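You will see chain A twice below: alongside chain B first, and alongside chain C after that.
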Partner chain A sequence: MSGGMSGPIRRSASVRRLVAIGVTLIVLLSPFLWLLQMSFKSNDLILQFPPPLIFTPTLQNYASLWQGAFPASFVNSLMSASFSTALALILGVPAAYALSRWAGRGKHALSFAILVTRMAPPIAFTIPFFLFYRWIGLLDTVTGLVLVYTSFNLPLVIWMMQPFFETVPPSLEEAALVDGASTRVVFLQIVLPMVTPGVAATAILCFLYAWNDFFFALILTRTNARTAPVAVVNFMNYEGWEWGKIAAGGSLVMAPVLIFSLAVRRYLVSGLTAGAVKG
Partner chain B sequence: MIKKNSSDKSAAVSRRKLLQAGAATLGAAAFPMPVIAQTKPFAGVTLRGASFQHRFFTLLQNYIPEFEAQTGMKVDLQLSAFPVYNQQANLELSSGGSAFDFVNVTFILAARWVAAGLLANLDEFTGDPSLTPAQWNPKDFVEGAQVPYRDAKGATYGYSWEGGAMVMGLSRMDLMEKKGLKIPKTFAELQQVCAEINGVENVTGIVSFQLHHWCLPPYIQGFGGNIFRNPPTDIMPALNSPEAIQAIEFYANLLKNYAPKGVVTYTEDQARQALLTGRSNIFIHSSAWITPILMSGDSKVKNTSRVVRMPAGPVRDFPAANSQGLGIPKNAKNKKAAWEFIKWALSPEISMRLVKEHGHSSVCRKSVIESEEYRKLNTVNGQDLGALYLEVLGLPAKGENYMAYRTVKEFPIVGDVLNKAFEQVATGQLAAPAAMNAAQEQAIANMRRAGTAL
Partner chain C sequence: MSGKGLVDAERRRFNAFALAPSLIVLFMIAGLPAIYLVMTSLTPFQLVNPGSSTDFSSPLRNYRLLPGDPRFVNSLWVQAKLSFWGVLFQVLLGMLLALLLHTQSRVVEFARTFFLIPMVLPPIVVAIIWKLIYTPDISPLYYAAGLLNIAMPSLTSSVDFALTAIIIADTWEWLPFTFLMVLAALQTIPDEFSEAALVDGANRLQIFFYITLPFITPILVISGMFRLIDSVKAFPLVFLLTGGGPGSVTEVTNYYAYLLAFDFNEIGYSSSVTIVMLLLVVAVSLGVVWMGRRREAMA
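On to the complex of A and B.
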């Protein structure tokens, strides 16, 4: 039937599709684009109504952001998100592999128990974490944040990675074992390279969780370990909101995730889809 | 011989001197602290304090090195955004923490913190002459600004560093004069001026912002009503009284008819910008937000502005007042050092320096506000802002303490309900009587759920 479609009809369908894609993109990207254009405006222009779309851009907001305490917060965010992601992967990926290869009776119960920790809302853990951290002196430290994020990301890693390992045929591992490879070598050199897209996708989700977290960072930090999302809120002052800095800070907070996602987008797409179906 | 004797003598003296010097060195090494303590009693103490970011603290930080040099202590002042600070301090104090030696007692949290016993009683410090010299004079603070920091028995838990007096800013007196309009002094005149100016040269008659439980009560009280029946003793909500309903209708009509679209959800900053740029003629809010139309470099309406008392209601004239204070957490580790800091930061000398050197006028020392220097610095376009500030800030302490509703620890619960009810009326979702009857029921239910016996 499609072969019977005439040229103008096909062209019209294609135009409609392009328009639909364009509209969808605008709708999806408009909050981000709005934030971005705000970051290049002076406070006067930001609050002007109707908002001017053509204006002389300024880097003043970014410059003033960089002169304050924001860079330190940015580094704190980067450190807590990176270390917690790495730690969750180091602990969670082998655990997921072991669970995927384990055929014992307690497998499902254990998997479920691991997931239970993700079922309660974060607020349920906040106050106990706060009191405990104050007691052991981890309040306002990057280490404290890394531990919190790791504890929340670990179940995610274990649950996300299991289906990826299940897609790897056990016969490959058996062949390597017959050839004299140790379990460690089998895992690191044969199985792990085959689930790289899954690891990348999981890493991004872990990084995103830690990077975007506001609530734990708000409660568990003060000034030393303050993260970028909290630092952005810090521009909402009693005497007025620094809209330009909020927009510039928000844009900068998005940048690392965007760059990271673009860098691994090939793995991300295949990772998010490949693990969904058992091979 | 002589030479020898002399030499011996000199050797003997030298040994004695050496021994004396040695003993002195040993003595100094063994007891160094008391000697230092005589001059710097808090040497080695690190004082931890927290507040939200505010110009007062930014300016105070310039003077803190002087305080550190005088006392020997080190001050670690942590400043965060208003919502961030409130969240963190509330959690810290509520969980009995001792991370901070002094804190800002935020106005909206003061009643709860004082009632819950989270702060140290400062009367113990002011009542001890060895800790507080008579010239510090606690009674020199503007009485109205001190009201939120007292408990039911009158004990003081904080001293105010900033006062906010509700005043009316008019940005386009030029337009008003063209139309032959005078500054409104009553609610009726306010409505008339808003109606006459609205739409002229694209200016709206009035602007306000989303904190309705701050903006609205002066209207409720102006019509003769109140938030509670008789606060702080009788805290039964009084949201559906005929006076409260009348006030809601009046204020909602002002905003519906003469304010910019979306004003119900405006932030303070949006409203202030509307006033500073002359896009809106009237803004009734705390002096700290209104006086920039005369004082700020951002103001485009300096020559056409007036800052005056807010209009009086048909029954009462109760402009709101608030303040921010400094207090000491009950479990603070360095209470005496913290008091030393508070005493210094809120001394008449520092207050005057803030006024003179930085033009920071919202201090709470009466002796400073009433001084000639202050009056000179704060008289702009012939308007004595200091006198206006002092007059409004002092009103709650004269006669009826009409700001008592803000000191009721359940006020935030009722305030939230009031906010929602007002939004329903202002957006036309509900008529005022229906909204306020529902709000009354909701407020009672929420208070009971929070454990309040009514």
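On to the complex of A and C.
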């Protein structure tokens, strides 16, 4: 395939370009790497300038996090993100399938309503949820967070799953239907197994959105259901400027995100632009 | 005939069963809150005064107050500045980065993944990262400035630089998004165009302006509009870096609405600010959907 006459743009990267890419990458990621290295330094070392290039990494910041209230908030984050992902998938996957096979009127209006739900600034939901939770006693509970997170994860599932269902050839379904299978059986036994990768990618994105939330958790939780992002910020406000601990907390909050999101990077754009453009 | 009718009826029943739970839940957790928000925006509701939550005696009072509230007007202006510069830099730099990485090479394809890191980080971690960079005692930036004998002011507490500091952090966070979208568009440009132009003696700059740029302009606009919508949500950066200050230099509308509701307990008035913001977002969303449709129709 690779003949001598390769195009001007698609030719393999020149050394100059590779160097430029490398330098750009280092510059771009340096703030992120700064946080990471800080989490392995003692507080004395953090204040030392010029920063030593070689130092003995310490896990003391992580260890002191482990002894405080941080693990509990980590568990809260895990629980609220997982449960809201599960709820959004159970409700949204069948709905996305029905929508993908439905050419009726009202589809565009419904699609737009779902898009607006995704685009609305969080404060629009926070005020009503806060008042309602105060009234029925769901403030500072994981259940409360799960419900709020579902308000943005359910539209995401319905949006993201539709293109996956559209790739399943209708002829497969028709054959089974002619053989007398019900639509429910066709959906569960033929269509669903074919879109498992789509479900996995959607699940990861839902989890990440819920995990990354700061605003809802800041307002709807106090101490019992406090999530990891809020807990990290609380170090700053209540425990003084323990930079090592703050950096370690930040690193822990971002660890699951980095692992998962690199696994679904192909779907990152379609998740973010949900529906308006075909990613 | 009748067999097909039966299948259709069965299919319709299935569709109803599949859609109903989602629609009901969406109505309860998104529709009802929206209605509730509109209702509270018509009352002078304050948390300290429970009776005021059902006081509809002067429903448009909040909306009449808005134009005369200097903090609200200022917040719109701050938001406009943040959105304009943020979106501009993200689209421009994202495009340059995409052009740089648009090449066939295993190494570069592998490296692309790492360019996405700022975008996937939890927003609060991004805010922490920039808090470290902007705090003089522990920042390599201030150390470097010191070496060069430049006296750098504390960026996040300076009237002149606080908003710029937030724009820089916001651009860093969302650059990968425009980069990814432009890169995807670049990869759909057929090689023949630029090859033909090259044969005709065009130089690289001409190829960019006459072939590449017209091809990616729609995606530049669309990704810019997506960033515009999301820029309204910039909360963690403002919350952690400046707290809206100094004064109200970095107080965007979203942050003002947050302060009103959860600091000043002015739930009713905050709701009306939020409704105005929501209407702006809906207007831009409609624009995005319209652009997307037109693009699909053209393709």
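Here is the rule we use: the second predicted complex is superposed on the first by the 223 of 279 C-alpha atoms of A that agree within 3 Å, B and C clash if a C-alpha of one lies under 4 Å from a C-alpha of the other, contacts with A are read in each partner's own complex, and residues count from 1 in each chain.
Throughout what follows, contacts are C-beta pairs under 8 Å (C-beta built on N, C-alpha and C of every residue); 3 or more make two chains touch, one makes a residue touch a chain.
Please read these numbers as outputs of a predicted model, since none were measured by experiment.
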Chain B versus chain C as contact partner of A:Thr223, first or second or both or neither: first
Partner chain in contact with A:Leu25 - chain B first, chain C second, else both or neither: second
First (chain B), second (chain C), both or neither touched by A:Leu154: second
A:Ala95 touches, of chain B and chain C: first, second, both or neither? second
Most chain A residues touched (candidates chain B, chain C): C
Contacts of A:Thr117 with chain B and chain C, given as first, second, both or neither: second
Chain B versus chain C as contact partner of A:Val75, first or second or both or neither: neither
First (chain B), second (chain C), both or neither touched by A:Ala109: neither
Touching partner for A:Trp211 - first (chain B), second (chain C), both, neither: second
Touched partner set for A:Asn237, first chain B, second chain C, both or neither: first
Intersection of the chain A residues that touch chain B with those that touch chain C: 47, 49, 127, 130-131, 218-219, 233, 236, 243
Touch list for chain A against partner chain C, complex: 7-13, 17-18, 20-22, 24-25, 28-29, 31-32, 34-35, 38, 46-47, 49-51, 91-92, 94-95, 97-99, 101-102, 112, 114-117, 119-132, 147-148, 150-151, 154-155, 158, 177, 182-184, 187, 208, 211-212, 214-215, 218-219, 229, 232-233, 236, 243, 246-247, 250, 253-254, 257-258, 261-262, 265, 268-269, 272-273, 276-279
Residue ranges of chain A in contact with chain B within the complex: 44, 47, 49, 127, 130-131, 134, 139, 218-219, 222-223, 230, 233-241, 243
Contacting residues of chain C [partner chain A, same complex]: 7, 10-11, 14-15, 17-19, 21-23, 25-26, 29-30, 32-34, 36-37, 40, 53, 97, 100-105, 107-108, 111, 113-125, 128-133, 137-138, 140, 143, 172, 175, 177, 180-181, 184, 191, 194-195, 198, 204, 207, 222, 226, 229-230, 232-233, 235-236, 239-240, 254, 257-258, 261-262, 267, 270-271, 274, 277-278, 281-282, 285-286, 288-289, 291-292, 295-296
Chain B residues within the chain A interface of the complex: 50, 52-55, 78, 80-84, 87-88, 91, 95, 97, 99, 260, 267-270, 272-273, 277, 288, 298
